[in-house]
Structures are given as structure tokens and as C-alpha cells.
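After this come two complexes, each holding chain A, first together with chain B and then together with chain C.
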Partner chain A sequence: MSLILENIGRRVGRNWIVRHLQLEVAEGECLALLGPSGCGKSSTLRLIAGLDQADEGTIFIKGKDVTTVSPVDRRIGMVFQSYALFPHLTVAENLALGLRVRKFSATDQQKRVASILNLMQLEDHARQRPAQLSGGQRQRVALARALLRDPLVYLLDEPMSNLDAQLREDLRPELRRLILKDGQPVVYVTHDQHEAMAMAHRIGVMRDGQLEQVGSPQELYHQPTSTFVASFIGRPQINLLPAESGIIKAIRPEDLKLSSQGLPCRLIHREWLGTSQLWLLESPRGQLRMLTAGDTSIPANIQLEWSTKKEHLFDANSGLRSKYPTS
Partner chain B sequence: MIRTRNLWITVLLLWSLAPLLWQLYTSFCSNESLIHTFATHQHRWTLENYRQVLTANPPFWRYLLNSAFVGISSTGLTLLLAIPAAYSLVKVPQNFARGARLFLLGAALFPYVLLFLALLEIARSLNLGNNLLALSFPYAALSMPLAVLLLSSAFRDLPSEIEEAARLEGLGLWQRLRWVLIPLIGPATASTAILVFLFSWNEYPIALTWISTTDLLTLPVAIARIAGSSVYSIPYGAYAAATVLGSLPLLLLVIIFQRQIVSGLTQGAIKG
Partner chain C sequence: MIQLLLLPAALLIALIFGIPLLRYLWLSFHADSVITSLVAIPNNGANWFRLFNDQRFWQDTYQTARFAFVSVSLEIFLALGIALLLDQRWRGRGVVRAITLLPWALPTTVMALGWRWIFNTPNGPIEQFAKLIGLQHLYGLQDLNILANPSLTWLATVVGDVWKTTPFVALILLAGLQTIPNDLYEAFDLEGGKPCAGLFKITLPLLQPYLLLGLLFRLAQAFGVFDLIQVMTGGGPASSTESLALYAYLNAMRFLDFGYSATVMIASFLLLVFICLFGWLVIHQTKHFREVVK
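Here is the complex of A and B:
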């Protein structure tokens, strides 16, 4: 494992904004930290980068304890949410500044900047300032700067959140290829589960400064360990039925089926999603979301059933999983 | 709406510019025509006042140079000390910074004239009289509070991610200041520099008491001497000419730096 966080914690005043964080990222692996805003995912990234000091725990990069090492010496390639380009410098100067202070010769600087500009298809913009670039171009400059660091770890903090939705989807494969090309561990912070699933090999879901669950996108979807993960992963959201004798039953919208003798429901809203449609139903057991094929017509009497094999069971007090679906 | 606004602007411009324009007018008038305003004179317009001021001993440009020297050295000294102070004020714990800012504000608002006797004592005991460079010490000291406040708010407005990116790139503290932060607070630095320069250019009581050698006088003192050079009359024309000459460099400075002050250098630095 080439990036290891051992029981990492960070305190601001009396509040722990990150605590008991246990995480390992392998070489060439992209791990996404996913969670609502304020859950501590960006703080975790800052701890790895060394921009903030951990109040407890140890951080290892390539087997070396870097907990008290300065950010420069950790060799981090970081892309900030705002990109944090130097606004008074041209693109080429932005890229060369770090090389210059790290004492690369002038010819080396030129060579490396030229080749990264070429890789990023930014040659035409070398003499422009960040303000003259589009959002996508700025992101590429920020990424180019990170690549030039020859980093041991890549950290990306919501690198897509300033781009429009279409561009975001277009850029995903390219970004993924670039950050994984030199086989270093990547930590990718996002609040967008689709992005996390598209970019990452594994996803760590965070909540209130703690890791709730770490696993592959499939694991998180099919075997969420808590109601929080279950309702955070998967859209439309999972249905959490009201607790009965200390147990919360949860069922995915696509696992609900129409039947002739099931739970009677009333349709209150319908959303067309292309190949499928989302029904919002009122039932004796609360509101239910149901995903059904696009050509399903609405029956006069809606009655629902589902296989008990598809039920996720959680403890009503702790919100933790008590039984896995059997299939 | 627009008409009333224009009216207000005109009134304000007249209010602030009229004395200056009157001074400009006076400087080109012969002394006779000044005394008999409404009488007709064949030789109303004259450059005699300027000739008189510029050929006096020492010539007037000598004072301009003195003032420029003091202005530049006080501005330089102030920025040299205020920039690091302002930067650290952003980095120290916030409670301490809040207290320090309050203290600085108090110092900035303090009427400095109350200090000039004490300063004179200090100048005497340290032998700092009649030394232009020494004059920039009190000027820099008196300008520091305001300069630190202005610059530290400029530092605070910079997005912290820019400095963090520089840290990750391997830039040390001084490299970050030199290559990233100081260029980015350029506009604030320019306006602070103008304010300090202006203060030093206009300062009277300290300059009056610290400098007595005629060759070393700064503008305000020199102009005052011209005004009081004769017991029997006030040389309005020469006085006005000196004032006009003394204002020109400032006017020039403001015009040159105007763009810098206004320019939004950090525009687009952060989000798109």
C-alpha cells in the first residue's frame, strides 16, 4: 500500500472535524472520498497534503512516515477546487514557477513545460493568463501543474465542480487516464456520487468526520453497511420503510414490482427518465420511490410487492446493517 | 434623476477644484492685477511669478527634490516594514489579530500633531535634525498603522488556496511573498504607497521643527517661507506659483497609478 492513513484525526477547537480515519490506497488506485459538504473529506485531503497538521494518527507515503513532513517534501500533486492558478502569471509561467524554485535548469524547465503543454493540448494558450481561459482549460493547467510535480500521491479536491454538467461528463475519461497514467495512488474528493462511481476503483463514504464505509461502487450499492450509505448511494434514493420492532427495512426503487395483491399505493408524482420512469407513491408504509420500465402504463389499482431477498435490514437505533440481502 | 446627479457632481467638483483653479489663475497673474482685480491691466498675464520662484536661492526645484527624496524613502521604508507585518497579521491567531487591528486603528486615528514636541526631543537627543533621510523615520512610523491595516486586508482577501498551491509547489515564505503574494496585492500596495507619499509630501509640523537648513527644506515649509518672506507684503503670485509647482508631481503620480489602483488584477483568479 503506498498511501496509508492510520487513525488520523484533526481537531479545530474542541470539535474533531476528522477522526479515527483508517484508509489505504494502493499504487495506481483511485479512491474517491464521497460525502455531503462539511463531512470532512476536504479536510482529510488537506491532512494528506500537509496543509494542515494531524492532531492524532500517522500518515505513510510509500512506507515513509510523513506525518510531520512539510507539504513540499511529501511530493503531492494537488488540484484545488478553485484550481488556484497564479492569476498574474501566464500559463507557461504558472507551470514553470515550481520547476524554477526546485532548481531545474532553464533548458529543463522549458523542455518539461513544453512537453506537458503538448500532453494537455494547451500549446496555444501558453502565453495567456488564467482569466483568459475557459473553465476546462483552467482545469487542465491545474492538472498540468500537478503532473509536473512528479508526485508520489495525487490529491484532487472537487476538480470538476466548477465545470458545467456536459463538460464534466466529457472530461471524466481523460482526467482518469491522466491521473492514473504514472501509477500513483489518487485520492479524489467529490460530493457527486456519479462522479465518484465513474472515477474511482473504491469509494469511501464520509459522514461527520468519520469514514462510514469503504468499498467498490458495487459493494456500496449492494451491501451498504448503514442507512446513511444506503440512502447516499444510488439515485433515485433507496426506500427506507418505517421501523418495525427495531428493524428498518430498505428496498431499492428498482426492486419494487407491480403485483395483483400487494401493498396498495396511490401515484402522486411521475418523472420520465428516458428508458425508465420514476413513480412517487403514497402507501400505508410511507412514501415510496419506484423505478419501472419506460413503457409501463399506470394500472388502475397500483399494488406493490418485492422479494424479501432484496430487502436490506438495518438496526433502527444504530442505523447499522443487521442482515445482508440473501442474493 | 440623472440631472440631479450631474448637478451634484458639478457642485462637488466646484467645491473641491475651485481653490486649486483659483491658485492656478493667481500664479499667472501679475501682482498689480491681483490687487486691483477689476481694473484693466495691459500686463495681467505673466510668467514672472514662476521665474521668481525658480531662480530664487536655492531654486524651487531643490525643495521638490528634497520632498521627493523624503517621500520616496518614507514610502519605501513603510512598505518594507508594513508588508511583512500585514502578512503576519493574517497568519497569527485570529483573536490576537483582532486585538492588534483595533490597536492599529487607534494608532491610525491618533492626532499625530500631539507627538511632534516629543519627536523633536528625540531628534535632538539622537542628532537627527537637518537630515532628510532621518525625516522618513517619523513619517514611516506615523504611516505604518494605516498601511498595515490596508495591506493586511488585501492579504486577507487573497484566496488562501493560491498560497497553498505555492507551498505545494515548493515556494518558501519569501519566495511566496516575492513571486505570488506581493504581485497579487499590487493594487492595494499602489494605493497605500500613494497615501504614504501624500502624507510625507504634505507634512508640515515635523518638517518645520526637524529641518532648519534652507537647502534641506521640504515643500510645505519652503512654500510657507515664501509666503512669509516679506514683512510688508504677501507675495501672492509667487506663493501661488510655488503651490502649483508643488502639486504637479502628485497629480502626475495619481494619474500614473490610477490604472494600477483600479485594475482588477485578481479577476478570474478563482472561479470562472
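Here is the complex of A and C:
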């Protein structure tokens, strides 16, 4: 394992903003940290980078304990949410600055900057300032700077959040290829589950400074360990039925089926999504979201059923996945 | 159309600044003094001819410029240090920030009186301290008597001005520092940059527009200095601290020569406009400022 966090914690005043964080990222693996804002995902990234110091626990990079090592000596390639480009320098100067402070020779600087500009298709913008670039171009400059760092670990903090939705989807494959091409571990922070699923091999869902569940996108989707993960992963959101005898049953919207004798429902809202449509239904067991084929017509009497195999069961008190199915 | 909406403001400015200015310009081409029984009589530019041959006017121009450039340079330098300090996070910063602004909030006349007392001979603390370390021997004098020494008094006025207006410049620079995002420093840190290199590679370049803004504001203000000097030294000793504004004031209020006073005022106004235009051009030369303003 190339990046290991052992029981990491960070305290601000008396509050733990990250605690008991246990994480391993392998060579060439992209791990996404996913969670709502304030869950501690960016704080975790800053701890790995060394921008903040951990108050407890140990961080290993390539087997070396770097917990108290300075940021520069950890050799981190980081892409900031704001990109953190120097506004007074041109693209080429932005890229060369790091090489200059690390005392590369002038010819070395030129060579490396030229080759990275070529790789990122930024040659035409070398003499422009960040303010003159589009969002996508700025992101490429920020990534180019991280690549030039020749890092042991890549850290990306919401690198897509300043781009519009279309561009985000367009850039994903290219970004993924570039950050994984040299086989370093990648930690990718995002609050967007689609992005996390598209970019990462594994996803760590965070909540209140702790890791709620770590696993492949499929694991998170099919075996969420808590109601929090179940409702966080998957859109439209999973249906949580009211607790019965200490058990919460949860069922994904696409697992609800129309039937001739099931739970009677009343349609209150309908969104047509193309190949599918979302129905919002009022039932004796609360509001339900149902995903059905785009060409389904609305029957006179809506009645729903689902297979008990598709049910997720959670303990009503702890919200944790129940090990013993009731059926 | 949009420009039309500026009309009320433009009219107001014309009313407050334009009319007096034009009136003074008009007056500068007239004799208007006790001799003319305070009636304005056209004198075909005699005032301006007198001005160009007026030793005291050129002496005051030099003194005003010297005062302005020396005190503003010191202020920028000190204010930069103070702003950098106040931009850091430390306990009690809020209190210190408030205290730092106090000199600026004090009325000039009040603080100028204070400084006159501080420089007083033989009772002022500066004089006593100078005596303690024997500074007066450097000049071969019994007392240093700063406020009576034509080669030293202007420095005392510089001290007063620096003390009073450094907080103002510091405030401008502090505002500038707070526009610099912290992640620039973090990115620089990750690249291996040392903190002092960050000062020169990030802070100062990004602060440049604010430095120039402070410079411009302060130069304009210092060039028209009046109250501080009037209270601290009255322009003396031997007119060695007299500023252009003070000279214009004396011409009008002591010599009752309003025509010539207007000429001095218009001349110093033109000088100031020239300096500000020059400063403005320099500011616009810096590319970053254009981006910030844009």
C-alpha cells in the first residue's frame, strides 16, 4: 500500500473535524472521498498534504512515516478547488515557478515546462495569464503543475466544481487517464457521487469527520452499511420505509414494480427523464420514489410491489445494516 | 444613456470643486489686495510673472516635495510591515488592529500639539533623550532644539506625519493582503517555496496595485499639507518647513493679497495634478492592476 492513514485525527479547538480515519490507497488506485460539505473530506486531504498537522495517528507514504514531514518533502501533487494559480504570472511562469524554487537548471526548467505544455495541449496559452483562460484551461494548468511536481501522491480537491456540468463530464476520462498514468495513488475529494463513481476505483463516504464506508461504487450501491450511505449513494434517492419492530426497510426506486395487488398509491408528481421517468407516490407507508421505464403509462389504480431480495435492512436505532434479514 | 445617470453627481462635483477652482483661476489673473481696496483688477498675468521669480515659492515647492516624498516613502515602508503583521493570525490581533488605527482617528491639530510638546526644548522627551546620548554635540550646540533648527525641524514634521498617517496606508495594504487567497501560499509551500520567497514572489506582486493606490492617495494629501505644519511649527523656523498650502494661506490671511494667494494655490494644484497623472500612468502601466480593476 502506497498511502496509508492510520487512525488519523485532527482537532480544531475541542471539536474533532476528522477522527479515527483508517485508509489505504494502493499504487495506481484512485480513491474518492465523498460526503456532504463539512464532513471532513477536504480536511483529510490537507492532513495528507501536510498543510495541516494531524493531532493523532500516523501517515505513511511509500512505507515512510511522513506524519511530521513538511509538505514539500512529502512530494505531493495537489490540485486545489480554486486551482490556486498565481494571477500575476503567465501559464509558463506558473509552471516554472516550482521548478525554479526547487533549483532546477534553466534549461531543465524550459524542457520540462515545454513538454508538459505539449502533453496538456497548452502551448498556445503559455504566455497568457490565468485570468485570460477558460475554466477548463485553468484546470489543465493546475493539473500540469501537479504533474510537474513528479509526486508520490496525487491529491485533488474538488477539481471539477468550478466547471459547468457538460465540461465536467467531458473532462473526466482525460483527467482520469492523466492522474493514473504513472501509477501513483490518487485521493480525489468530491461531493458529487456521479463524479466519484466515474473517477474512482473505490469510494470512501465520509460523515462528521469519520469514514462511514469504503468500497467499490458497486459495493456502496448494493450493500450500503448504513442508511446514511444508502441515501447518499444513488439518485433518485433510496426509499426508507418507516421503522417496523426496530428495522428500517429500504428499497431503491428502480426496484419498485407495478402490480395488480400490492401497496396502493397515489401519484403526486412525475418527472420524465427520457429513457426513464420518476414518479413521486403517496402511499400508506409514506412517500415513495419510483423509477420506471420512459414509456410506462399511468394505470388507473397504482399498486406497487417489490422483491424482498431487493430490500436493504437497517437497524432503526443505529442506522447500521442489519445482519439478519427478517424474512 | 447610462452616462446620463451620472449627471447629478457630476453637477455636484462641478459645484463643489469646479466653481471655486475656476474662481481662483480667474482671481490669479487679477490684483486683489489691500492696495486695490480688495477689488479685483485685471493685471495681465503679473501674479504669474511674480510667481516664477518668487524665491520663497520655489523654496516652498522644494520643501513641500521633500516633506511629501520622504514621509510617504517612510509610511509605505512602515505600513507594509504593520499590515503584514496584522494579517497574521495571533492572539489579541483584533485589539492591536484597533489601537493601530488610533493615530489616524485623532484630529491633526491635537496630535500636532502633542508632537510639538514631545519636541519641546528643554522639556520634551526627545530633547532629553538626545541630550542623554549627546546628540547635540554632533551639531556643536548646547541644545538640539529641534523645532528651532532649520536643518532638523522638517524631520520633526515628517515624524508627526508618519505617526499619524501610517495607519491609513496600513489599512489600505491590509485590505490588499486580504484579497490574496491563502491557497496561493499553500500551493507555493507544496512546491517547496520558502515563506520569505513567498513575500517577494506572491505578496508584493499581488499587493502592487494597493501599494500604488496608497502612494497616490498619500502623495496627494501630503502635497497639500497645512494643519500639521501650521500647528507644529507655523512654517518656521525661517520658513524652513513652510509648505505651499501654508504660503497660500499666509498670502491671503496675513498679507491680504488674495490675487497672489490664488496664484500660489492654482500653481500647487497644477503641480499636484501633474504628480497624480504621472502616478496614474504608472499604475496603468502595471498589467496586474488592469486585471484587478477589470
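Methods note: the second predicted complex is superposed on the first by the 322 of 327 C-alpha atoms of A that agree within 3 Å, B and C clash if a C-alpha of one lies under 4 Å from a C-alpha of the other, contacts with A are read in each partner's own complex, and residues count from 1 in each chain.
By our rule, contacts are C-beta pairs under 8 Å (C-beta built on N, C-alpha and C of every residue); 3 or more make two chains touch, one makes a residue touch a chain.
Because the structure is predicted, anything quoted here is derived from the model rather than measured.
*Asks:* With everything superposed onto chain A, say whether chain B and chain C fit together or clash.
*Replies:* In the arrangement built by aligning on chain A, the partners chain C and chain B clash.
*Asks:* Spot which of chain B and chain C makes contact with more residues of chain A, would you?
*Replies:* B
*Asks:* For A:289, is the partner it touches chain B (first), chain C (second), both, or none of the two (neither)?
*Replies:* neither
*Asks:* Report for A:252: first if it touches chain B alone, second if chain C alone, otherwise both or neither.
*Replies:* A:252 contacts neither chain B nor chain C.
*Asks:* Answer with first, second, both or neither: which of chain B and chain C does A:84 touch in the superposed model?
*Replies:* Once the two structures are laid over each other on A, A:84 reaches both partners.
*Asks:* Just checking: does A:207 make contact with chain B only, chain C only, both, or neither of them? Give me first, second, both or neither.
*Replies:* Touch partners of A:207: none, neither chain B nor chain C.
*Asks:* Touching A:101, do we find chain B (first), chain C (second), both, or neither?
*Replies:* both
*Asks:* Thinking of the overlay built on chain A, is A:138 touched by chain B (first), by chain C (second), by both, or by neither?
*Replies:* Touch partner of A:138: chain B, not chain C.
*Asks:* Kindly list the residues of chain A that each of chain B and chain C touches, one partner per complex.
*Replies:* 49, 51, 71-72, 76, 78, 80, 82, 84, 86-88, 97-98, 101-102, 129, 131, 145, 149
*Asks:* Quick one: which bits of chain A touch chain C in the complex? Just the residue numbers, please.
*Replies:* The contact residues of chain A facing chain C are 49, 51, 71-72, 76, 78, 80, 82, 84, 86-88, 97-98, 101-102, 129, 131, 145, 149.
*Asks:* Where on chain C does chain A make contact in their complex?
*Replies:* Listed in rising order, the residues are 181, 183-184, 186-194, 197, 201-202, 205-206, 287-288, 291, 294.
*Asks:* Along chain B, where are the residues that touch chain A in the complex?
*Replies:* Interface residues on the chain B side: 159, 161-162, 164-172, 175, 179-180, 183-184, 186, 265-272.
*Asks:* Provide the residue numbers of chain A that touch chain B in the complex, in ascending order.
*Replies:* 49, 51, 71-72, 76, 78, 80-88, 97-98, 101-102, 129-132, 134-135, 138, 145, 149, 162
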